[in-house]
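In the two complexes that follow, subunit A is the common piece, with subunit B as its partner first and subunit C second.
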Partner chain A sequence: MRNKIIYGLGALAILLLARNIYLISNFPPERAQGMIFKIIFFHVPAAMTAMLGAAIALIASVLFLVTKNFKYDALAVAVTEVGLAFLAANLITGSIWGRVIWGIWWTWDARLTSALVCWLLYAGYLMLRRAIEEPTQRATFAAVFSIFAFLDVPIVIFSIKWWRTQHPQPVFWGGGSFPRDWSIVMLWNLIALLLLGTVMTLIRLRQEETQRELDSLRRMAHAL
Partner chain B sequence: MAFFRQVLVVGVKDLRAELRTKEAVNASFAFALVILLLFSFAFDPSEEQTREISGGLLWIVFAFAGTLVLNRSFARELGNDCLDALISAPVSGAALFLGKALANFCLVMAVELVSLPVFGIFYNVRWTQQFWQLLMVLLLATWGLTVIGTIFSALTVNIRLREVMLPMLIYPIMVPALMAAMRLTTDLMAGTPIGGDSVAWLRMLAGFDVVFTTVSLILVETVLVG
Partner chain C sequence: MHLLTQTLLIAQSAFDVEREMQRLQRNFQFLCYGLIVAWFILVVYVLMMVGRERKLKREIASLKAMLEDRQPK
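Let's look at the complex of A and B:
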């Protein structure tokens, strides 16, 4: 049953992505930026998916500390890994756009820096997990770190914002003009990426469960 | 009342242990000197340039050297199972944490206060112009660094690659505090007192301290006991 759900959602994600890419490629080039502007249809939804992942990781981490149920630990690590992948996609697409429009791959602008700091924070989370062998300790410490990281994110974003800003203002809430049908496609692409993220998380979650089962079997074998 | 006495006892114990061997402080200060030396190769230390980046340089030195002290904080208790004894002692995790954080704070502060004049001499920076405000920034930022460093020292004490993990985990978290400290220190080194835009940075620094001290106090029991 669970496999069917994963396959079903995966197929849906692929179909939706194919439809969106078709629509996006049929849009005319943007007036000022030309073709490269279309990267925004992936750049922004990837960032949103990553942010959602971080929020779910926080909730799962708190739930783990409260209940000590390893289900939540597995969820936390699964969404963190997937979120990190989406954040990487966000950084890379942003970098490609920057190369074309700004002429440089990277600049220490506020948003870029914050995104990089967030990426490093959550990469640290995964590194921390790797360094701890004992499952309960690993889950507890990782949960504590996740809480610290999540609390740090808004402070990082605000403080870096005070430094300097070169990133284009958000097209949605910053007063920019974005055609209505483009917004709708953007929304659909967000849904597609969220679906994709969900599928990846579910697969990752199953790996974690299998891993835990293996560990417990191994421990049982040692006890005998 | 008993809580503060416990904090004090733990803090004094840590300071005494450190001052008898001086291993962490000596290593930390020597490391600070080495980084200060390396900076002289990284750029040509002309007076004007150095003043412009002095805050950044100093805080890189402090963050790197401070980590050596922080790494030892809980690792020191590993021998003879002292950590288990401390955890099972009738002292709350919060008191243990605060005591250790205070001791680390004193040690890191000491390293900073000795490195500061050395920096001034080597790079010809007149750092005494706004001494009291500079001291306030040092106190606030160092507390931020030590709180984060101490809780993560407890988190990493039992894991593989402890020495590598600690800096890798704490520097990204410290970014806001370090940025504020760098900004403020650069201004103060140039002789500009805190005011206007830099007040916001000072508030940020204080806010960082409050937020992370609170969160650490709440979570330390979980980290130590599980």
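Let's look at the complex of A and C:
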């Protein structure tokens, strides 16, 4: 049943993405930036998916520390890993966009730097998990680290409001103007990427369950 | 004089059109690079997950077989 849900959601995400790509390719080039502006349809939803993943990881980590239930630890690691992939996609699309519009691949402004630090922190979280063998200790240390890493997320989001940055102000909720039909496609693309992220998280969660089963089998093998 | 001005204007317009076309082409190229790289990252991640799942299943199968062998009959 669970597998059917995963495959169903995956198929829905792919269909939505195909439809969105068709619609986006039919939009005219933006007046000032041309075709490259269309990268926004992936750059922004990828960032939103990654930030949502970080928020879910925070909640799951807090819940693990409170309840000591390992299903929250599994959820935290699953969403962190998926969020990291989306944040990498966001950073790279942003860098390519910057190369065309600013003439540079990278600049150490507050938004870009805090986003890179965020990526490094969550990569550190995954490395920390690999370094600790004992499951309870690993989950506890990782949960504390995840809560600490989340401190960077508001800095990433609000850096363009707090400081003067090379990165522009947000198109949404920041006074930018975006045609209504473009906004609708942007929203659909956000839904598609969120669905894709959900499917990846569910697969990753299933793997964590399998890993736990494997660990218990290993313990049994040692005991025999 | 008038003819010369018109010729220069046409030449300038042709140059502008050429430059604009080059800019659009470059824009399109970079858009393609961006989208290819973004999807490549996600596809690589999915492939890594598939590989991990296969490895886990293999390990579980071998451990179960080993445990069955060790069970006293």
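Worth a mention:
Heads up, the rule we're going with is that the second predicted complex is superposed on the first by the 212 of 224 C-alpha atoms of A that agree within 3 Å, B and C clash if a C-alpha of one lies under 4 Å from a C-alpha of the other, contacts with A are read in each partner's own complex, and residues count from 1 in each chain.
Here is the rule we go by: a contact is a pair of C-beta atoms (placed from the backbone, for glycine too) under 8 Å apart; a residue touches a chain by one contact, two chains touch by 3 or more.
In this text, all values refer to a predicted model and were calculated from it rather than measured experimentally.
Of the two partner chains placed around the shared chain by superposition, subunit C is the only one that A:Arg204 touches, whereas subunit B remains out of contact. In the superposition on chain A, A:Ala223 makes contact with neither subunit B nor subunit C. When the two complexes are overlaid on their common chain A, residue A:Ile104 makes contact with neither subunit B nor subunit C. By the touch criterion defined above, A:Met1 lies against neither subunit B nor subunit C after alignment on the C-alpha atoms of chain A.
By the touch criterion defined above, A:Ile36 reaches subunit C but does not reach subunit B. In the superposed model, A:Leu65 lies in contact with subunit B only, and not with subunit C. Touching more residues of subunit A than its counterpart among subunit B and subunit C is C. Overlap of the subunit B and subunit C contact sets on subunit A: empty, with no shared residue. Contact residues of subunit A toward subunit C in the complex are 29, 33-36, 38-39, 42-43, 46, 81-82, 85-86, 88-89, 92-93, 96-97, 99-100, 196, 200, 203-204, 206-207, 210-211, 213-214, 217-218, 220-221, 224.
Chain contact summary for the complex, subunit B toward subunit A: residues 151, 155-156, 158-161, 165, 168-169, 172-173, 175-176, 179-180, 197, 200-201, 204, 207-208, 211-212, 215, 219, 222-223, 226.
Subunit C contributes residues 23-24, 26-28, 30-31, 33-35, 37-39, 41-42, 45-46, 49, 52-53, 56-57, 59-60, 63-64, 66-67, 70-71 to its touches with subunit A in the complex.
Residues 65, 117, 120-121, 124, 127-128, 131-133, 136-137, 140-141, 144-145, 147-149, 151-152, 155-156, 158-160, 162-163 of subunit A are the ones that touch subunit B when the two sit in their complex.
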